[in-house]
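What follows is subunit A paired twice: with subunit B in the first complex and subunit C in the second.
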Partner chain A sequence: MIDIKKTYKNYVDGKYVRSESGKTYTKELKNEFYELPLTSRKDIRDTVTSSKSGFNKWNGLTPYTRMQILYRLSEMIEGNKESYIELLISHGMSKQKANKDIELAIENIIWFAGLADKWEQLAGNLNPVSEEYFNISHQNPIGVVFSLSNSRVSLNELLLSLLPPVTIGCSVISYSEESSVLALKFAEDINNSDFPAGSLNILTGKFENILDDVSKHVEINLVALHKEIEKDGLKRIQENASSSVKRVVSLPSISGLSSILPYLETKTVWHPKGT
Partner chain B sequence: MGNIKTSDLSMQWSNVLEMVYESRIDSVGLNERVNSLATRSIKKDSKLEALNMIVTMCDLTTLEGEDTEGKISQMVAKAIKPNPLDTSVPSVAAVCVYPSLVAIAKEKVQNSNVKVAAVSSYFPSGQVPMESKLLDTKYAIDSGADEIDIVINRKAFLEGDYRKVYDEIVALKEVCQDVHLKTILEVGDLKTYENIRKASLISLAAGSDFIKTSTGKLSIGSSRQACYVMLKSVLDFESMTGVKAGIKVAGGIRDAKDAIRYLVMINEEMGSDWLNPELFRFGASSLLDDVLKQIKKLKTGAYQAGYYFPRG
Partner chain C sequence: MVDWQYSESIESPDIVSIKKKYSNYIGGKFVEPKSKKYINTISPSTEELLSKVPLSNEQDINSAVKSAKVGLEVWSKLTPNQRSRYLFKIARLIQERSREFAVLESLDGGKPIKESRDFDLPQVAANFFYFAGWADKLDLSWATKSLKPYGVVGQIIPWNFPLLMLAWKIAPALATGNTVVLKPAETTPLTALLFAEICEQAGLPPGVVNIITGDGSTGSLIVNHKDINKIAFTGSTQVGKLIQKSLAGRDVGLTLELGGKAANIVYEDAAIDQAVEGVVNGIFFNQGHVCCAGSRLLLQESIHDQFVKKLEKRMQSLRVGNPLDKNTDIGAINSKEQLDKITSLVNEGVEDGGELFQTQCELPGNGFWFRPSLFTNVQPSYSIAREEIFGPVLTTLTFRTPEEAVEIANNTEYGLSAGVWTEKGSKILWTADRLDAGVVWANTFNKFDPSSPFGGYKESGFGREGGRHGLLSYLKASS
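Here is the complex of A and B:
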């Protein structure tokens, strides 16, 4: 049988693309060498453009449709379970743990799919005021989110960095260093789940190369750091982000309702009671 | 910039026809050349200069049924000061509107150097009798239009009635007199490079000051290839008559990078004389937004978001 190797590419705007720079970096897993796209600043620029239109498309869908698309994602992963497990094992995970990781990932997707049409009731509020009007905290998705993945190679961890913003209607640019092979494999299931182009983009590379461009880019509304970065880097990100009033959050990968809170923007609405 | 009167033209219809029938284009060579010109890299100071130049060449356009006085007023304000927070960004060349809105636009531009262009001759289809086209054009001029954008009669052109195409432009030029006449070929309808060349030569011979690629109303707008065919026609026309005509590219040019590629092509093929709003224009509604973003990107180092710039 011919041994055909897969070319790993970034997933941007619903397409598989090589880095515009043509550069790759090598990752070795069990004597297999993976050439992965080394994302450049121009790739970031193109991805943000696509993410911006992806946000409008994804957020424009009804929560019901978003829920179905998320559920389909779990179906796709279920179908490819074995290949995920194999990949996790080649990263050094035990078979049992790998199995558990994929199961947890699928469960989490289903949980978030169910949340898609409920989070507004749960996170929004009718505020107490003692006058003749309603005061409502209306919750909105913040917009384009850049998410730096955790250094632990785990599908569940990767999903927990994506699902909260995606569920509420944000578009996400997910950037992986250590879990790059897994993330690019996962992109294939995103592609099969009917996500609108640009709503979920997967990039790989060295974060240091694009740190400034990401944190300065005015069109990125939130930078979520799911892994530790050194103090100077964090300071640079925060300083750069301040010029565009960008939100920067360092997050553990958590599940549950509180996981969506960092990605919400509150609008307060006043409405007369009309008595 | 010579305003051509038809009577001054040394070209007789028979010469025009001869030229038109001689139109042959090597499309493979043309694509090669156009693509090789697109690989030039323009950076830093040169890029900033190019971007500012693009602003001065923009015809900021709104041609919609929903255009209102308020919308025109907003657009004109943006045309005069594209970025109110950065006064080093120059004004655009003109605003381009439907004839019924010319008077309003004219009132809003006041003493600025922004001109008012009107599309006429029943833009974008041109499918009406000649009397109506003349009336439409006359109305726009009487309302104060500085420039007139007309469409060629594609029906006549595609039926092979070149004489009718020519005569109509001549008649409209007579109405325009000294008002700048831009003739839209609508390259998307013409389909082939030969047709674009033929239509360019007919329009130039009939006295157009500018030839323009597209109305912006078709899915196929301007392309660098179409522009290349047109610029060659303009150069050939210049060598025959000594008249320098201009080119306006419109439709589908949405980003600064693409616009810079046009500038490179114009500079390489026609020379820097044509890098001038009197001889080269961009018809655009969204291009200006990207150019403004790129100018700020160059100055601050941060990629920009559209919502920090004026709408218009």
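Here is the complex of A and C:
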């Protein structure tokens, strides 16, 4: 009898897909070789198209619904805890650390799920203008976010790289290099949690291959780098981004209110008061 | 018979004494530029030379930044309450010398005295008052674990609201504990240099505010200076992109307040006469030299003809002329360069097939002037419907449904502001929710307040100025 090995694919528009290029890269885990999608420029374009419609769908839901979908995600992970722990151990993590990682991951999803219907109260306010006007500042999610996850293989850290923008209604393209197997496994739980297609996409590959495509793509509204990028690469990303005033955040905060601030656009609405 | 002949009412320029030549304000002193070079600043309404100001070079920037670093040492050691007091004091001094500033602003920039006196200056003082009160309450402003100032901030401001943009920049920067090197625009440096006197009068510690004048090359030197911790820029999207590019790979904060092409949406159920007033204010305020100007009028098809007729009639009553005449509605175009740009875009609009209406009025012989203009019969693809004209030129487009209005409004790379006119509350909220714009004026336009955040979506920039949100432009929030 031989074991059945899982095939990992990118998760785009609510579907599991191979790279259109047909290219893969190999990852060895416990004497098994996994062929993971090597995301191409065309894959990025397709994913952005899906993320744009995913953004409208996800942001179109009520905060109450988004909160429940995020909570559902924690239920899914809880149910698959053992398989995550096993996967982390196969990446070389101790059992104790793996346990802790999953616990923290669930804790953080719960925290962000509960934030989904509260952040607007924390980040917006009435403004006391000195004339007879009603004036309120509230926020919109910035749109399509590309998030490069960090190199540590940790479910908790992977989640913290995408939960802040997702919680407030952005759609996210999460891109992993080192934690690719973990990220693609996580896609299965996203798929089972009622996220609208395209709201949360998981890609793997070599970031260097798509660095220019991502930072030049005018329909990606923000690039979040959760990994230290070598200086020239960062410079190239920021230079490319300037052609469409794209926002780039390097090593953004991943906890508390400050974690969501980069992904918000503040909108201020005025209306006269009168009879 | 009463003689209804027009008689002007000129604000006396005597209240302000303009020096023949100005110096930079560095380290609490007025110092001549090491460049030894000067540029002329003229009155755009007469083309007469007003004064000469330094064309600062690298050495000048070096000493300004160095002085801001020294200033930071002192400023950061003061208690928040002491910083607050300095800002309150500055606010009061501005109120006291308000008329002097207003006249100088109108002379140097060409805007009507009615606006500099009743809008710019009261807003300038209000900004210093507002942020004075934040200086000792930063810990209450945002529920984040730590908020730290950037340090030395380089600020580059435009010529449309010279002193007000200075206030928008300096007041929050100082309130949050930063020190600044500010460069006013090449064509409107004088009120910033007069503001330096206010800093002196207020006894502000040397180096906290440094003001250096020059042109685009001076601005670029500030952006590229190695000891600058943050850049705040207001100006064109084109220059904003260049600045963003220059800062690539460097650990320097950046906020940008850039161009706009705001849609002003008038639904058929709007209060038409009010909307006409609002549309006029939206585009002709400050000669249309306003980044958030309502330059794209979106009319629901059913009211197009009626609205345009009323609008043309109202436009005809706008008085164009001497900025110091208290009756003037529209002053001088800020510079020859800007006038050429407006003229060329308007010519292009006519060539494209747009129908042009311009008011009939006499324009002064000297100076830079442009008649209030309205384009109808415009396609969304025309450059007059896409590019920021930054002048008294309104472009009209039509729509049938609210969905279409939102689609047209958002079909631009800009996202600074927008207007909505309807008597139906639910439609206002529905529309406002869907507009990609940092400021939405509903049944009003071009309203500003220091407590109200201002700034854009998309290519109109990032960061906010004003309000609690404006503090974040000068503070680093961490977890």
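Some points to look at:
Everything below uses one rule, namely that the second predicted complex is superposed on the first by the 267 of 275 C-alpha atoms of A that agree within 3 Å, B and C clash if a C-alpha of one lies under 4 Å from a C-alpha of the other, contacts with A are read in each partner's own complex, and residues count from 1 in each chain.
Please note the rule applied: a contact is a pair of C-beta atoms (placed from the backbone, for glycine too) under 8 Å apart; a residue touches a chain by one contact, two chains touch by 3 or more.
Only a predicted model underlies this, so the values are computations on that prediction, with no experimental measurement involved.
Applying the stated contact rule after C-alpha superposition, one finds that A:219 touches subunit B and leaves subunit C untouched. Of the two partner chains placed by the overlay, subunit B and subunit C both lie in contact with A:244. Of the two partner chains placed around the shared chain by superposition, subunit C is the only one that A:235 touches, whereas subunit B remains out of contact.
Counting the residues of subunit A touched by each of subunit B and subunit C gives the higher count for C.
By the document's definition of touching, of the two partners only subunit B reaches A:48; subunit C does not. When both complexes are aligned on chain A by C-alpha atoms, subunit A residues 243-244 touch subunit B in the first and subunit C in the second.
Of all residues in subunit C, only 126, 142-145, 237, 240-242, 244-245, 247-249, 256, 258, 413, 428, 432, 435-444, 447, 449, 451-455, 457-462, 464, 467-469, 472, 477-479 touch subunit A in the complex they form.
Considering their complex, residues 122, 125, 127-131, 133, 135, 137, 140, 231-232, 234-239, 241-245, 247, 253-259, 261, 265-272 of subunit A touch subunit C. Note for the complex: subunit A touches subunit B at residues 45, 48, 52, 212-213, 216-219, 240, 243-244. Residue ranges of subunit B in contact with subunit A, taken from their complex: 300-306, 308.
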